[in-house]
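Per-chain residue numbering starts at 1, and chain names A, B, C and D are given in the order in which the chains are listed.
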């Protein structure tokens, strides 16, 4: 159950509401975000909803049968749009392409990709500076200095950027240089990290765990939201199954299911979803046709020479063609 | 390695070819289909290809590095089209919608759906008369009598029909009443059934096993082809994974991968792939966008009353809308 | 709900019982096996159990909440033992080792293994003559002639034999030469085959499907039982998962779970469960420690030269040691 | 390739070794642990091993074909034993039982369990104070104050303790109060956490990821080892599969495979592996029979009232019986 409070509330009114909730046998968790003040109430008892609804300070009450609450569309039917500024929005009808290399490698690389994105009308660049790697001996990214350079080039060109945060201690130093924090698949249930990202007023995109369920992804989002940050997106990037013909199995079913269960935007990552360059395009188009709110995709001037993930990365020509095909399908959907 | 023989060959010439193959250390399997005579040669030794290529009766030799051979696109690059007659083709640019109920229930039901299909311009009806069911106490279908009725209604209306065959002994009695034999997911590796379907000159659609690999599906097709039947289609219908939010996980990756590996048409079954009525349409559109050659989908006048699979079945209004959306995406792809 | 009928019943008494069941809104399925006459009643309505229990001809009524019925331990608490004759029993405290090659290759091979089994005190030999193979070009077994030879050697030495049946048409010709029909993993849901095996009075061992659930395995057993054959065993042989370090993932959990849910004996197949020769022994011992009623294991005089599955096959020395270790754990369990 | 250096080495000698490694085209990573100084060299070129082996300061060179290196048994054949002090060792023949509640709840609870463990001769207690929970609204553990109490009771009774660390910032405050840091399944690839645990001289037990591969678990261990901490154990706790009859699927195959691939001790967690109280014992015994070096198991005086995981927790009577059965199997193995 979610209680929406009036925007400005004095402490004693708020205390009265919390007391009333406890009295009916529910456990209240106050949540204050950029956009509102809520109390999430966990419990199962029957009670007279008017006893709470008529209290001073209570604007609205919603009963949510799911265990996750604030991210549920049973509470908030209207779809959320994430506004990155300068007219770049994601969700609720606004589709965004986010493209870039797996790893940021050099200023020349970033400059080249930024120019390609501008030519293609793409507004958001992806690129990793902190790289989670299975082996401790692999390249782990350019780190914060790489991010500063990446950010400077993007800002000089009006391009927004999304990059992965791996650790609590990185959140604050990254803050000034990014537009969206990405939580990677391996950190999808790093609850301390999620809690901390809830305290920051910057958009967060959470990738589904390597074998995470759709429900777990929603719970992970609930962590961030309930800690105070409503500016959230979810990303389907393929799951681990027995099939070995592709890197992951793209769970395309997750797109309509997530869009039914949550008001948050749903992004697809076709690069990781299949992991094979020549098949990224059909899989990307499938994601768009299934109703995704955006796409995040790996591109590189010369994929063969990429520092990581080259085997699933498109070059400029391939990506330019794909962007056109994506827009053609979006046109059909909106017709 | 596949050796294509001249169409009409006397026995001694053929024997000479087989001897020559054995001599270079390969195991020859002669294959005679509706369309050609081949020898599939299994082995790993190096040899001078001219020693075989120059033999009388040999038209062509293809080296195929995959373990499956005749279904491989490394041998036959041009895509196969299956011709059901009366202008109904599947594959190589021809897209077909196959729609109908999970189970054939009555003549009135078949008549009603056939009229709906005609209104929508759909040329192929699906419907089960032999039903594989987990529990022995469930409804197992109307059987051969049901098929005869189903067939009579379809033929009177110019509609082709596809239905599942579960058992060797059913192949012959079904022959006169069907246009495509469907091999169900649970029989995807019923090798005796596949062998026997190779001896019949009717198209066969093989569904991927419940947790079958893409490679196993290709091998199953190789069984039918190598037993003599080239008129084959493959069907992706979702695989079993840990995710419980949908009935199966639709492996959309399989579509571009199969289309790369084999010349056979690739069909998608969105009904089983997600198993939830309100999400069948986005998943179907994803399949089309990913490049499928056809779609097989469960529809019913009143899904709530269907004898089986009602929870994943579209009604007439929903299906008519979906067919339009499918055609819109096909138009974009061909533009 | 299972109604156990009196052993000898005239038709009109039986008809009266069936009528009474329909009257209370249940669907009756009469089942006649080697050992009893039952009516399985499927339905959900409430009724006065005495209305049925007091009818002439009714010996007993059991309510079974599972969807499978006759194989459930909620009905038959006492564990079933399968008697192969000559003192060879499986289940209800009697543990059996079944060992032999993947494929029967020659009379010399069978003779050698039979002697090894006799030296080790093993009473049952396994060996395939009809082999399901992914590729149509692989060796598919020695067939019925091989079985006749295999059977003759076993019978001359007091050894029982178990072998796979792949097809309805094989059941009758195999009947005189075998002691247990094995249903392979790929045929675990071949319902026509299961139905037909229900009509034969010989023990049947059903392997779990390659990615079959525990519940599906119980349903497959219900097919055989409800068609008339109570002499049934189940076999856990590993399931397909994402893990690639072993051939399959041995679901050891299935052993206590199956033993809780069904009265039928539960066998483990460590050879397929891990698929790596040097690790077969620890996995076999784990199966015994978890409570299995028997083990089926691949052995060969020279595994390196086996016609199939050599990589997971033990030689005589390895298997003799394992049999000793198994018996040591059985001794601890019975202490 | 692993180069073991002499224990005390001046900087210039070390620099010379690193230079020589770079010269042959390998990338050297110096590793200094509690027990030794190594250089891990990543590369693929051929070179004359004597060119490195004869350098001053080089004690030994081992070629390791796996991608993980320091945890590989190809380098260190002898099994590692972890010494917790006071005669409590794990690995290389020393088997340990670790038992306790999912969550630490109160001093009375800890006191009661400690007394039970002492009566049973168990030397290590488990218990969570930082709890990873899917939902942000669930109980997240007693935190550091709970740990201090837990630790005080254990130390007063000569019991060692293992508890989960979720976050880098927790490592240092926990240090004085624990004997083993546990890395939970959801943090199995939290590389920053693993790196940091490599800098601490306390044993670490890493649980396999919820759907982690065996190889990924070894890489995670390589992170800790290569950051400086050799005192490591691995834990198999069941993986996520399609099967819903148990909480997880216990990958018993992982035990012999891990023991073949690594010299580190391998622990089994039967409680999470099956998740059903009445079946924990057979699964635990299976783990012991398969060769595990230890077991970690959830027990509680009254599992029905446990703050978390009650459904998979044994009571005192059940656990005392299980401990006896475990020791009986250990006796057989050592006979």
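Quick notes on this one:
Just so we're on the same page, a residue touches a chain if its C-beta (ideal position, glycine included) is under 8 Å from a C-beta of that chain, and two chains touch if they have at least 3 such contacts.
Here the structure is a predicted model, which means the values were calculated and not measured.
For the pair chain A and chain B, chains touching both partners: C, D. Touch-path distance (fewest steps) from chain B to chain C is 1. The rotation relating chain A to chain D, fitted on Cα atoms, comes to 180°, given as a multiple of 5.
By residue number, over half of the contacts seen at A-B repeat in one listed pair from A-D, B-C or C-D, namely C-D.
The geometric centre of chain A is 33 Å away from that of chain D, both derived from CA atoms. Rounded to whole angstrom, the centroid-to-centroid distance between chain A and chain C, based on C-alpha atoms, equals 49 Å.
Mean C-alpha position of chain C lies 39 Å from that of chain D.
Residue positions 211, 215, 240-242, 244 of chain C are each in touch with at least two other chains. Within the complex formed with chain D, the chain B residues making contact are 211, 240-242, 244. Every residue of chain B that touches chain C in the complex is listed here, in rising order: 27, 29, 40, 42, 67-69, 132-137, 166-169, 186-187, 189-192, 195, 209-211, 215-216, 219, 222-223, 226-227, 240. Per the touch definition, chain B reaches chain A in the complex via residues 211, 213-215, 239, 241-246, 249-257, 260, 273-274, 276, 278-279, 282-283, 285-291, 325, 328-329, 331-332, 335.
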